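Naming follows writing order (A, B, C and D), and every chain is counted from residue 1.
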Amino acid sequence: MPLTPEQLAEIEEARSEPRQTLRATAPGMEAHLYTAHPVLDHGLVRVIDYMGDDAAITQAARVSYGRGTRAVSNDEGLIRYLMRHWHSTPFEMCEVKFHVKLPVFVARQWIRHRTANVNEYSARYSILDREFYIPAPDQLAAQSTVNNQGRGAVLEGEEAARVLDLLREDAMRSYDHYESMLSQDGQQGLARELARMNLPANIYTQWYWKIDLHNLFHFLRLRADAHAQYEIRVYAETMCRIVKDWVPLAYAAFEDYRLDAVQLSGKAAQVLRRRLAGEVVTQDSSGMSKGEWREFEAVWG
Amino acid sequence: MPLTPEQLAEIEEARSEPRQTLRATAPGMEAHLYTAHPVLDHGLVRVIDYMGDDAAITQAARVSYGRGTRAVSNDEGLIRYLMRHWHSTPFEMCEVKFHVKLPVFVARQWIRHRTANVNEYSARYSILDREFYIPAPDQLAAQSTVNNQGRGAVLEGEEAARVLDLLREDAMRSYDHYESMLSQDGQQGLARELARMNLPANIYTQWYWKIDLHNLFHFLRLRADAHAQYEIRVYAETMCRIVKDWVPLAYAAFEDYRLDAVQLSGKAAQVLRRRLAGEVVTQDSSGMSKGEWREFEAVWG
Amino acid sequence: MPLTPEQLAEIEEARSEPRQTLRATAPGMEAHLYTAHPVLDHGLVRVIDYMGDDAAITQAARVSYGRGTRAVSNDEGLIRYLMRHWHSTPFEMCEVKFHVKLPVFVARQWIRHRTANVNEYSARYSILDREFYIPAPDQLAAQSTVNNQGRGAVLEGEEAARVLDLLREDAMRSYDHYESMLSQDGQQGLARELARMNLPANIYTQWYWKIDLHNLFHFLRLRADAHAQYEIRVYAETMCRIVKDWVPLAYAAFEDYRLDAVQLSGKAAQVLRRRLAGEVVTQDSSGMSKGEWREFEAVWG
Amino acid sequence: MPLTPEQLAEIEEARSEPRQTLRATAPGMEAHLYTAHPVLDHGLVRVIDYMGDDAAITQAARVSYGRGTRAVSNDEGLIRYLMRHWHSTPFEMCEVKFHVKLPVFVARQWIRHRTANVNEYSARYSILDREFYIPAPDQLAAQSTVNNQGRGAVLEGEEAARVLDLLREDAMRSYDHYESMLSQDGQQGLARELARMNLPANIYTQWYWKIDLHNLFHFLRLRADAHAQYEIRVYAETMCRIVKDWVPLAYAAFEDYRLDAVQLSGKAAQVLRRRLAGEVVTQDSSGMSKGEWREFEAVWG
């Protein structure tokens, strides 16, 4: 269970005290506030705060476009127009702050997105909890044979059992040794900032992560993608569901113009034009490399 | 008067509809929401939205420091500790969005702060209003004789009158020509994106400007400083008053550790140590250049 | 002519002194170094410094991918793979520094790209030169009748002459008054930081602008686009030619996967699939709005 | 020894081929290019590329200040002036690219500096080497008793031996299991992106890290500080020595105005003024908290 009774009590308390505000509120997001969405075996995502809603996006766009914007008659149309034409600044006018609990190896991928504000639990200052990510059996996958950076078939039988045993035992032993090195019982006790180096990358950490909607969409496009590693994708998918409730119009535009979008290179667009004109195009006559042609065919047949 | 009756009606409407929220609220900031603070002759600053309060800063710090933070017993002490030791990430957990109306030459300085989100009125898309900044007589200053980048005495008599006449007349004439080039009355009418090039830098523009508290403090430290140009400083000072009401503990720490702080170089610290030990130090024996010694004496006598 | 004899002499001197270095060098870029490329009537772009070449991109990618990268046998294939799959960090490993002279209204658009380093000529500190952008006759366009943010037909006859006269006369008069307000001849002389407010947006400014290749590509994609305003597009196009000589493989990939690329929304991709299958799709049955359908047909007929 | 024979051969080759360039070169930096500076037991720092030198800083400043800058007669004085007055943009005009090999727990601290470009070795894509950081005996410190985030006395005798044994054995066992899970010998072999989760935080990773001089100085001020963890401080100190050879004037100014500087709060400055006037000030009469007074006395006695 990802949250302690104390944390659950805190959440309940925070959720029981509505306050008055003159700010824009998003009802769909109020319903999510503080509530922990479980992810993986011990992880979670929960919304700590947010700023703005769909109307905040169009309000900012109308500052830019002045009276001229009245031409686009409604918020949905305007939001779709902004998304389609890569006018990103109005989406930056919304902001969200998440509390996330996640394995360290996921955190290391995640942090590469630089346009966010982060406060992470400090293992230099405090002692980490004994919580480790152990994959569920259906996620215990073999190395892909076609993609260096991917998974193949699910491991089975004895191999699967052996891997799970190793992961569990190494995690427990490392943590036991972490504690015994830290201990001040009959010894000085190693500094926390040193002892932590013994802990494996599947230990859980946590952070507050704050980001604007434009940069969050960029993160989600990359991390909710089928090529993203499963362990970060489930966080992105959880956030997608939350964002859909927060800014439904912006999320629908994001889905159509980003998540479901297809990017065609100049060469690929040319091939499609020829096909539409009835021509049969082969890799040879496409101007594309084998790798690119394979990727093109995977989408267009 | 900086706001139209329509805008005032909108503000009144927005302020008359309190909503319920489970988010953190800052009572001092609720009182400012949407209200226009006049700046210069036609400018304004008003808060459109905010996220977080003093407690959001310590909450984020406590995520980082875990159980260890209980040692710092109260929020004020913790906030002062964070500010003193340049722990900036907890301050990034608060966010604010302003609507600002300002002359273009001020906007050009302002935008050099890159860590903010901006939606500016587009003169490519829309037609600018006939509003220009004309300095008040007590701000009509001569070039400084000691500082290339500063002002000296206030202009007086005929020279002052002449300058004000030129500024006013050139502004009006430029705007008249802007309108006549745009006009489609009996002619095609020049494109907006071209006609705007005739407008001088004292014309007003406006934008939404969103920034986190850490970066806002950085902006305010530079722009509320005595060396900042008066026309941007008055905006910074207005924001200082607003931030003080929003996050009073953080603002007090900012005042003590940033606005009122004195930075000593290694050499300057050495001179102070020798003075405290009773030595009389001169520029020659200080190791400082003339310019640096002059700046040092201006602070320490 | 955009450069003074002194500047030309400086360029000649800098170009006449080759030095020895152990760093990567790009022969195509060495040929551009310091040379001024004229843009508009008084503007220019010139390369002041650069870091890296095509090989620096693949070198960085090979750090990330380790021994595994040997699978992609050559630099060109690897660079195309990186561009196709939005692996942007290797492109960030190249950097370039430009000297740009440009009208203020172009500078105001340009600066909205925040991921660059900038040092601009300070009109607070120094006096601007009497140089203004006056459009060439074939760029003196009417407001577009279909796009608020664009140009229509070229102005002709008397209207064109009137506009050019107004732009020239207002520029000259504003500058005369700028000088007369600054003058310390028989008067105190207005502060530079104030006098500059009288200058129109077609006056030229200049800056050093430094950016990494990934962010430069992002800038070029938006500003070399047909929808960008002509006066910034010509700068972007000049830079495109320079970048092509600097990193020919990366530029070719950028051209195919970004400049010439077509972005299909989920709905648009669906329509193409149906068309390829022989179906006749109308706006009604496409699921797209009128505006989106119009944009779709403009590309796909 | 931190580098393989192959890498050493590559370095030798790169260093043996000087090329001609028209760019600014920094002789002190050329001497460092590609050479590996060992750090910790298996780590390293080496310069891969650089842009600019001391003159590039003043050149950029002179673009900003125009003819006015001639008043500051020499490069050293101008660079010190810029540093003293926080004019950071000219320092952004220099750029450097490092290759760094470092333990993962150090990498996790390091990456929090967001204003850099990074390409890290991907353990999703490739297999990590069997290299772990094991502290030297004089760095095996106990938890500080006064600072949650620091080290106390060095561990001795049996406790030290026990800790080193645990760290070494856990590292070796984790790596053995990593290899056995990856192995495709008689089994499918776990995906690399999963197997890596078993590796502890003292395993070495490596990356290319590129940053401008202003942001590098910011990093060095925080990480070469006495309060920084030893394991990152040694990297910062190595870089300080390199930067000193690269831009000697800028580094000297950085040393005096940042590394050796003392920051006084408004209250602390007040206390110094009273002391200089002969008054004996106590914590009670200082207006400072106990913690702040303790820090103040540590510096000023």
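For the reader, a short list of remarks on this structure follows.
By definition in this document, contacts are C-beta pairs under 8 Å (C-beta built on N, C-alpha and C of every residue); 3 or more make two chains touch, one makes a residue touch a chain.
Bear in mind the structure is a predicted one, so any value in this text is a computation, not a measurement.
Listing every chain that touches chain C and chain D alike gives A, B.
For chain pairs B-D and B-C, the one joined by more C-beta pairs in contact is B-C. Chain B and chain C have Cα centroids lying 29 Å from one another. Chain centres here are Cα means. That of chain B falls 33 Å from that of chain D. Chain C has residues 65, 68, 118, 122, 125-126, 148 in contact with two or more other chains. Chain contact topology: the protein chains form a complete graph, every chain touching every other one.
Across the interface of their complex, chain C is touched by residues 14-15, 17-25, 30, 33-34, 48-52, 56, 59-61, 63-68, 89-90, 92-93, 95, 97, 99, 117-122, 125-127, 206-208, 210, 212 of chain D.
Those residues of chain A that touch chain C in the shared complex are 65, 68, 71, 77, 80-81, 84, 86, 148, 222, 255-257, 259-269, 272-273, 275-276, 289, 291-292, 295, 300. By the touch criterion stated above, chain B contacts chain C in their complex at residues 103-105, 108, 111-112, 114-115, 118, 122-126, 133, 135, 140-144, 148-153, 155, 159, 163, 166-167, 170-171, 173-174, 177, 180-182, 184, 187-194, 196-202, 229.
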